[in-house]
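Two complexes, one shared chain (subunit A), two partners (subunit B, subunit C).
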Partner chain A sequence: MNSPTGPAPAAPAAPPDPALSSRALARRRRREALVGFAREYARNRAGLLGLGLLLAIGLLAVTAPLFIDQTHLTITGAPGESHEPPSWQFPLGTDNFGRSILDLVIWGARVSLTVGLLATFVSVTLGTLVGVTAGHFGSSGGVGGRIVSTVLMRVTDWFLVLPTLVLAVALAAVLPRGTGTIIIAIGLTVWPPTARLVRAQTLAVEARPFVERARALGGGHAHVMGWHVLPNVMPVVLAQTTLLVATSIIAESTLAFLGMGDPTTISWGGILEAARTAGAISAGIWWYIVPPGLAIAVVALSFTLCGRAVESVINPRLKGQS
Partner chain B sequence: MTSLLDVSDLRVTYSGSAGDVPAVRGVDLALDPGDTLGVAGESGSGKSTVALALLRLLPASAKVTGRILLEGEDVLQMKWGRLRAVRWVGASVVFQGAMHSLNPVKRIGDQIAEPLLIHELVGPARVDARVSELLEQVGLPASRRRDYPHQLSGGQRQRVMIAMALACEPRLIIADEATTALDVMIQAQILALLGRLVRETGIGMLMISHDLSVLAATCDRVAVMYSGRIVEHGPAREVVHEPAHPYASALSAAFPKIGDPGSRLAPRGLPGDPPDPADPPSGCVFRPRCAVAETVCATVDPPLWPVRPDRDGHADRYAACVHVGTGPGSLGHAGAASGSGGMSGPGGASDESGTANTEETSR
Partner chain C sequence: MTTTPTEADEPTGAGTTDVPAPAGPTGLGRAAPVATYVLGRLTTAVVSLFAVIVAGFFLFRILPGDPVRAMTEGREVSAEQREELRRQFGLDQPLWQQFLDYAAGLVRLDLGISFQYREPVVDLILERLGPTILLAGTGTVIAALLGLFLGARAGWRPGGRGDRINTAVALFFWSVPTFWLGLLLIVLLASGRGFMPGLFPTGGMVSPSATGPVETALSTARHMVLPVLTMVAVIYAQYLMIMRSSLMDEKGADYLVTARAKGLRDALVRRRHAVPNALLPTVTLIFLNLGQVVSGVILVETVFSWPGLGQLFYSGLRVPDLGLVQGLFVVFAASVILMNLLADLVYPLLDPRVRP
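What follows is the complex of A and B.
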């Protein structure tokens, strides 16, 4: 998994053209590496399915304002009657205010995807920083470094044993309401597994001779961590990222369902919560509950499939397994 | 003139859960500019520990005492910032196993430029030119700078490591088993390259290897280490071809000589294992494996004595064995004098290598 070009055949098939500038050569090599990665990824059918679903959902979310009239999403501007069953006008029926469920679900993808991606970014960044620092100082920092490492890992453990949901709910309750709060609440709670994973990988990289060489050249801590360790743990971090997006989206829906979200924004969790307060479950109004629930499941599954596919491409040991 | 490297009474002790383990027990080394010194010894003899101690690269659990003067400045007393500045500029290391000493996800040009940028020796604009220059110097085309390590062969990677070691124009290069993982042809090329660089630039080289024939081919002087100590020290040719210490002679005899049917028919290994450094035997540490051990060896731990001294007691060769000693506690002048007298004949001396000591015992 340390090969920068992935499993791509590294040597260009064509003989090197002397007229080609070195930069053009580098660009071609990068392109070949990318093509190799894509080809390997394409062999994973589940990964392709996940990627296709994600692209479709992403496209819908981005272009939603073009075909959904935003006034129809407000309670006062709702186009239909309350709790209309699916029809040609409203393919997935309407909610208790008469809004189209299909429009709501499509619009909800915007918030769910944004929160999922940003919260993942926050937690992966935090986890990578903590993991690389703890791993680096734990293996080569002397007594002081070992203290830093131990403190960092005990903090990680503390976050790890706290129930994620309870902590996120507490954070969301304390901070002012809004999408930003949800992102921070999720980002600050789901990072510990990433930190542990990255720390383990850092320890493995630090044990390799080129790190000793880097120290012998006079490289300091920042140089070793930034230049040598980080590029070598990136594959693990990337795979972890795709898997974490699914977790974050579910966490966002959970928080919104529990009423911790911003009531003025439409998200999948928020729709589910509205369905519950409207008594959709006891009234048998299935078209209110099933679409947002399915949307959450499909997006989470797609990200997981993509994550597994990326993992199998960059981890040679998983190759050949489906 | 201050010598390039002057190590005296270097001791390294690893402290672990099982107590303190002395890995290096009092080593003295000296190296002048343009000089090459080889350090030989089997695994666990402490030769790599010595190399790493020179730049304080040992883990924090290792306690280093003694004095390491690098161009007159004591490495062990340096502050952290000064030490970092000295690393690679004062002395650089060609590491064992070039496959693993290069970062697999970085281009080799960037890795050669790494020490240049860390020490800010050349401006960013000059870095590219300097990297090309270094690659040419070790016999690689400058266009290979854009390659990743996995695109190079083992020998090419070792060349890259040497280019990296030369980057900051250090006064001293420490080659730690630099050719061990390479096949014999590549090994010869790399050794020739190192020899040429030493001759051209006048840098000093400390070469560490378990392979005496490699050291004999490249070094002016050789020191043989056993269990954390230097047991024999002298001009390379003499130490390899007519060793005075029984361990050095066993090490030398372990290499079969081409064209000598005797060495093929009578392979000479060394029975037993190196001593446990945490619990060394009494007296001479080599005694349990020594073919010529005497009763006195159980009580006397001989220091380095001059072998074949001239009238003033000076010699260019030293060995730590009671059989070559001339001082108190040794077997006395007679044995050593007659032993060395037998070896001193210029012709046929190498034929007797390894047998000289057996002759001594018989007396």
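What follows is the complex of A and C.
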């Protein structure tokens, strides 16, 4: 480290390395950390598989308008007959309106992934805010801070114990129908585990000397939380985020299946709900049921594999265990 | 829906913080700490219950804006009928009066009237309580036994072949939406179309032709197979992961070295020494995850038309019958809180290390 207050070097002829300004040093260290992270991650075969699957599915979802004719996805513009079994024209058969199920499933990835990612974003933000605040004020906020922290954790515990589905469904039922409602309903109900995890990590970080140094130098609450705690909590948050996307996507499909979704959009859960109301289940029309569910399972599993891989990289204790 | 299996790898999170430290005097003078502990837990439970009541009021009376409009959405209702409904549900009163009426009703176990069935919500719930307890109880017991058994095997040799297969299967079932698994089972084993004959009924609890107690019981058992299978498949994974990580925590303990030094066989060291200790923290986590059982039973009952609380909840959502949904919301939440209180009170009896 270059210490600016240290004694000036006697011989200026050999400057240590002109590129090593403190900012450049920080950047280089960050890059090295990233490369090290990528290398560690690449060693996890299951994690790579999950990442590959996600990239492929993401690409398919983004480019879907290029190879799917949207009029074929409407009820009136359906190209086939009702409940056609799989054929060359319709590799996964058709639904009760004659739409290609393959097209529906690919198109459904757009809504399911969007809702999953946005709901995760909402809940991770909420969970991180609550967790960092509770952890920070619990360890260094005096009596008032401890009260804030206790109240926050009590609220978290309360949400943690409640049946998530019941709460999410209740929210979705009373708010106006729509994709935004689904995102809010999921985001507001799945955050408590993140808050607990982040709080634990915050407490660990706060106990370290550099936080005490920052505080001794006059760093306020916002400074300590934003500059010192948050960056050190981020790895845990990243792993938790990846895992939460899986939860959110399953939650989205569940809400859509219970009829809480936006009926005008196509999502995986919505396709399954339509199949059930159309009587495809008892009629045994398997090609209507299997593909959407399989899509949910593959995406959820991929996110879970990625999350576990990230977790094992940042948490050496887990190494060799999974 | 809440917890991921990996998160169960952190038993320090929920498990230990909820349990008081093994401090405090032993022997004489133990009555005071015990009383404090019990009182503390009771207070927490009461506060939580009160929060549930407030949340129920907020969710279903304040958030929808106009509950009557929400109830009558998409139907032809005249202005007089709306006024009548408003009066019937007490919505013409000021908010604080509504809240007091609602809270006082809850104390008298009056959950209001269902808009759809025109019956008191409590009666509807009591009618359907039995089937739900039968289904959820059977499913949870089987899932817990299976999960703990497999988790103990997997955690004893982490990284081994058995562990990897077990974890992979559990992760797969965990990634599958509950309702989809149920739908698949129906298509495969009950619809009678395609490759398999219809082995099991597609839904319901008893076939109407069954007469007499024996026949009814047999018919119920046959109707239960697929729903229970679905529930077990979806919830056993979390028990497996909890037990696995809990056993892995115990693996380094000194008393296992002693047990091995005595010359005990490996299987005995596991069964007699490691598993009983690993089981204790698992108990709390199992109770903490009961919310998931409730979520699971709602979906399974919906898919299999099982005449229980979950299906009632679903029928309330479809209308929407907010009075019914509100009542069930309070009942589901309260039951989970009470079960957690029970776990908190029973746990110190099981584990002397955390006795206050």
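In this section, the second predicted complex is superposed on the first by the 286 of 322 C-alpha atoms of A that agree within 3 Å, B and C clash if a C-alpha of one lies under 4 Å from a C-alpha of the other, contacts with A are read in each partner's own complex, and residues count from 1 in each chain.
Following the convention adopted for this analysis, a contact is a pair of C-beta atoms (placed from the backbone, for glycine too) under 8 Å apart; a residue touches a chain by one contact, two chains touch by 3 or more.
What you see is a predicted model, and the numbers here were worked out from it, not measured in a lab.
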item: First, second, both or neither for A:143, with subunit B first and subunit C second; value: first
item: First, second, both or neither for A:276, with subunit B first and subunit C second; value: second
item: Contacts of A:257 with subunit B and subunit C, given as first, second, both or neither; value: second
item: Partner, of subunit C and subunit B, that touches more residues belonging to subunit A; value: C
item: First, second, both or neither for A:217, with subunit B first and subunit C second; value: first
item: Touched partner set for A:164, first subunit B, second subunit C, both or neither; value: second
item: Partner chain in contact with A:76 - subunit B first, subunit C second, else both or neither; value: neither
item: First (subunit B), second (subunit C), both or neither touched by A:209; value: first
item: Touching partner for A:227 - first (subunit B), second (subunit C), both, neither; value: first
item: Residues of subunit A contacting subunit B in one complex and subunit C in the other; value: none
item: Residues of subunit C defined as touching subunit A within the complex; value: 1-7, 9-10, 12-14, 44, 47-48, 51-52, 59-60, 63-64, 70, 158-159, 167, 171-172, 174-181, 183-184, 186-188, 190-194, 202, 248, 288, 291-292, 294-295, 298-299, 302, 313-314, 317-318, 320, 322, 325, 328-329, 332-333, 336-337, 340
item: Partner subunit B, residues of subunit A touching it in the complex; value: 2-5, 10-11, 16, 22, 25-26, 29, 140, 142-143, 208-210, 212-220, 223, 227-228, 231-232
item: Subunit A - residues contacting subunit C, complex; value: 154, 158, 160-171, 173-175, 190, 192-193, 196-197, 200, 240, 243-244, 246-247, 250-251, 253-254, 257-260, 269, 272, 275-276, 281-286, 289-290, 292-293, 296-297, 300-301, 304-305, 307-308, 311, 318, 320-322
item: Parts of subunit B lying in touch with subunit A, wherever the complex brings them together; value: 55, 57, 59-60, 84-89, 92-93, 95-97, 100-106, 114-115, 118-119, 143, 146, 148, 150-151, 164
